[in-house]
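Two complexes follow with chain A in common, the first pairing it with chain B and the second with chain C.
Presenting the complex of A and B:
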């Protein structure tokens, strides 16, 4: 286990380094026009443009930039933002945002897990009955309707009918978080319900369930102690990653409700050619993803003792 | 009109004008005397009646908006050349000169300015009651002339300000360019250690004879230098703050570390969410300007979401995108039907810049297009044949004719001494009829012109239809282009000119403009300073700074080695350049200067060396009298939240008609 963990960690470091190097090189392929606003593109002379790019170190040979970048990483120096918040350290730019995304994301995850799993159980118990059909309609609706349309419906209903704030506000965090959390939860509730139902229905066809019935266990006992527990095994694997990735926020929801989170940051940074911010975010997200998968493996092992993590073989 | 004069507190003159038109509410809009604790709103500045009483109360806590893609990038005004930043910072810091609601230049932290005989030396006397405060309202220092020296040194020092905002000082101020180049060559630490004393030793044309006087020396006569002084490039920087934070700290200012002189401080800033402005308790002009108790700027995704926010009462104004505007205006019973109002024009004059040296994708010249566009009659067909009304309706369904731009220079930028707008003189010279309220003023019957043009062009081997290539970003909506394509078909005919477009993936500049692939470019120019030369100067020959001549029309390239069919075109540009240079040489008589520029511009447009397109006048739902906002076509004060007339009841189109009437009357007198 320890050997496996160390090996996975080393692999992870290499993966992160590769990912961030690829992004670093891809960014250098983009036109530097992105570095400037439309007005600046028009009004800056070529000399001014070059001077601005030079000040940002973007005119140096790519190899030189890459070596400098690796050196900075070794010193945990992620540089300063040049276009998102000019002159501010990248860590400060990111640090002020991830707490908001994580808070909303975790609340949404908790709601989605509880409601989604309950809905999935109910759909399984009442398979082919009204509740099952309603659950299916909800799932299909959420997946079929474009997210922005369903968010608009939530916004109009929430603000006009329920009188909730339409935009997130740091001065009124509780009420103004309701609509973003609702939108974040909409799709994931459907997702958890869908997979819970599917895995539980699968489990219901297994021989051990027939045996349990023959042994005289009641339906509730079978459902909770056997079916649900086994159905959850493939799902728990993704929970740590889902929790960690809440830090990344949601581009659409955060943009829609003006949540000052991480969601739009990566696209904004790419659009504005803020290379330091992009590189740091990519590294951060890659690390989160890898750690999430690793934790998922361990959690799955804990839930199902038949699974072991070894260098060769095992469940994964 | 003699330009060698002293400019004293223009506001007083303006107040007389306001009194003359008898519109008491005008005082509120432009700044009269009032309590500093008054809120901006109907008549709040002067305690007088509002221009329109629509039954609402003045708004005390304004909530407005900005698009996420225009979120602020820097709090350092000297570093910014970005309107989105300056819309925020104009409430926080002040320059020497600002604008009033009519766009006239008035003192800001100065009390007066004077110029010498040949307009090469400009002296600004400063107020002695301006203080720098921190975000908590604690006074940190007095603003003195030294701050302007520190500010200019910061701008010109390449290692401090990274060459941002250098173009105007470099162009106008003695020694500025040389000092800027010197710092470019210095090592980083060495350059960062330089002070304003070093700059003065290098002979940069700025001095501070006493604590409240700043003198600038221009390289050449510059009769409009006071308008240059309204730009961020000449703003002050408090020496004590620069010393305290160091170069990196001052470059990376935020709302909590910066010092304020302006009407507000920003006590809350959540990036991509909101900014909250509250009155600066030490604001020097508090007695003369009304302010809101707070202004909150919410960041939104787009104006479609914004409409929902307006509908939910969460913002006090909202621009209307095409879809909600169409929905509202199509239904007279819609609750907002009467509330759709026309916004005041944005600062850009949009043109279709014709490319005179188009190339095919393989890099060879597109002879067919280049021959066609070099023909005057061909260009006149584009100008007078294309009925762009349907295109304008996409922006403004209410009064699309208002969008028609007949000139090159932006209207409102310059006025003659009798108050007449410069562009009115150009239009007079062009001989356009008054609007009949039905169709564009430029339209003419081009049947004969088209026939003659086709005959002339056929004789030199042009094949028809000539394809005019425009461009669209891949994945972006082509709705606008489809409308334009239909306009070409209807107005010019498929036998003559056909509109087509090219797609680009990431960069229009790299993929379309630099390879010379488009036949025309839709582009809007916004003024850097208030002189016609800032517009027309972009089109002349033999000038490296002529932006459009070098970067869009490529006429500068054509002029180096014109083909036979381009000789007439080059003659036209030469004549235009001659007329321009004659006008630009007049520095002692503004009216004569503008009149000469008008002749040059009329010649330019008669020969359709570019095709004027439109003014950006959208539609809004609003609780704000837009005519009470500062009107600035250059400078940074457009979004200064002072003296705004507001109402808790949304304004209607009728209210706006009344606002416009009072405004026009006031403008005439002012």
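Presenting the complex of A and C:
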């Protein structure tokens, strides 16, 4: 187990490193004009520009820049932001944003887990009845209709009918978070409901359920302590990943409601050529994804002792 | 067929006689009029809701052309006119006008056409690239490691980064958008195909085929590919709603199509600031984009059920 963990962590580190290298090289392909603000572009002479680039080390050969970059990562030095918040350490820029994203994300994760699993259970219990069909319509709607449209509908309904604020504001955090959280939960409720229902329905036809019925257990006991518990095993795998991904924030939701979170930071940073922020963010996202999958596998193993990871090189 | 009365009054020796071999008779028992695609369509046509959705989609796709032809304004000759802005739908402007006084009807239908075309092109491209790479990935063992690493690498970087870099470095247009969506979208298809190929590549009949010296491409296309049809169709059909969704998201963020090629995403982005006061700016594009996506989603699910040979009689 330990050997497997170490091997897997090493592999993940290589993946992250490769990802960062690719992004690093891609960013170096951009014209260096992006390094300057529009104002500077107008005023600076070519010599001044070259001097500034020289000072930032952007004129060195790419290989040299790359080696220097690796050295900085080893010292956990992620550099300072130039455009987003000039002169402030990248870690600080990201830190202040991810608190907002994480708060919204975790609330919506909790809501969607609870509501989604309950909806899934109800759909299974009342299979092929009205509530099941309504649930299916909901999942089809959420999966098929573009997120932008469903968010717009939530926005119109929320602000016209319920009178909630249409934009997030730091002065009015509570009420103005309701619509973003609703949008974030909308899709994941459908996801959890869909999978809960599918796994529970699969589980219902098993022999041990028949035995439980023969033994005279009532439906509620069978559903909760037998079917649901076994159906949760394949789902548990995804919970850590989605929990970690909430830190990353949702680009669309945060843009749509002007939430000052992590989501828009990445595109902003790329658009404004804030190289250090982009590189750190990519590393961060890649690490979140990989750690999420890894934790998911371990959690699944804890929930279901029959599953071992080492046997066949990963349970995925 | 022999019937009971044929045997009446005969002695036991006469009851048995030799039957001559006749090829026609032999064919009769061996023959079944099963045809794969025949059954697929038969099963599909049984689902009334899916057929209805398919018809609705085709009707809408055709109507985009009719709508542009019968509209009173042509997209190419739209002019900005501040005096005409935010006119509610009326007999002159069937869908009203937008924030700079342009006819909304022709914009909406032109955008619907762009979105459908983009989705179809991307689905086709994803399909071709994904299937070919997936087959190779699954079949050639020594390449598995390489493709898995490539998959992890591309999959671990958010797609937004690629799209932003592409938009900045190369530019924004229909072709660029289509190519970059295909370049990131083939992964899912390839992964699915690879998993299926893994399941079938070492079945006995494939081992036998290989021993008999069947060329690789023939094993892939004749022995393995037919098993994948339902998976492939499902993925293709679902990639259309997801492409439309992704396109609208990207366009909303300003990373998708440029303003000169209106798509439903571009229209929704432009409407974002105004639709609380002028709901018709949201309703028309949103309704059309939802109809396209939902119909395709339902059709795709039904068709892939129908294409699964296990569901055939």
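To be clear about the criterion, the second predicted complex is superposed on the first by the 281 of 316 C-alpha atoms of A that agree within 3 Å, B and C clash if a C-alpha of one lies under 4 Å from a C-alpha of the other, contacts with A are read in each partner's own complex, and residues count from 1 in each chain.
Please note the rule applied: a contact is a pair of C-beta atoms (placed from the backbone, for glycine too) under 8 Å apart; a residue touches a chain by one contact, two chains touch by 3 or more.
Nothing here was measured: the structure is a model prediction, and the numbers come from that model.
Residue contacts after overlaying the shared chain place A:48 against chain B, while chain C stays out of touching range. Contacts of A:96 after superposition: chain B is touched, whereas chain C is not reached. When the shared chain is aligned, chain B and chain C each come close enough to touch A:255. Once the two complexes are laid over each other on the shared chain, residue contacts for A:88 go to chain B alone; chain C is not touched. Applying the stated contact rule after C-alpha superposition, one finds that A:162 touches neither chain B nor chain C. In the superposition on chain A, contact is made by A:152 with both chain B and chain C. In the superposition on chain A, A:302 makes contact with neither chain B nor chain C.
Shared-chain residue A:15: touches chain C; no touch with chain B.
After overlaying the two complexes on the shared chain, residue contacts for A:290 are found with chain C alone; chain B is out of touch. Across the superposed pair, chain B and chain C both touch chain A at residues 30, 34, 152, 155-156, 159-160, 166, 255-256, 271. Those residues of chain A lying in contact with chain C across their complex are 15-16, 18-19, 22-23, 26-27, 29-30, 34, 140-141, 143-149, 152-153, 155-156, 159-160, 166, 248, 251-252, 255-256, 266-267, 270-271, 278, 282, 285-286, 289-290. The part of chain A that touches chain B in the complex is made up of residues 30-31, 33-34, 37, 39-45, 47-48, 51-52, 55, 80, 83-88, 93, 96-97, 152, 155-156, 159-160, 165-171, 254-256, 258-260, 264, 268, 271-272. Every residue of chain B that touches chain A in the complex is listed here, in rising order: 68-69, 71, 73-74, 76, 79, 81-84, 158, 162-164, 166-167, 184, 248, 251-254, 268, 270-274, 298-301, 305, 308-309, 311-312, 314, 506-507, 509-510, 523, 525-526, 528, 545, 547. Of all residues in chain C, those touching chain A in their complex are 149, 152-153, 155-158, 160-161, 164-165, 168-169, 241, 244-245, 248-249, 252-253, 255, 264-265, 268, 272, 275-276, 279, 282, 286, 289-290, 293-294, 296-298.
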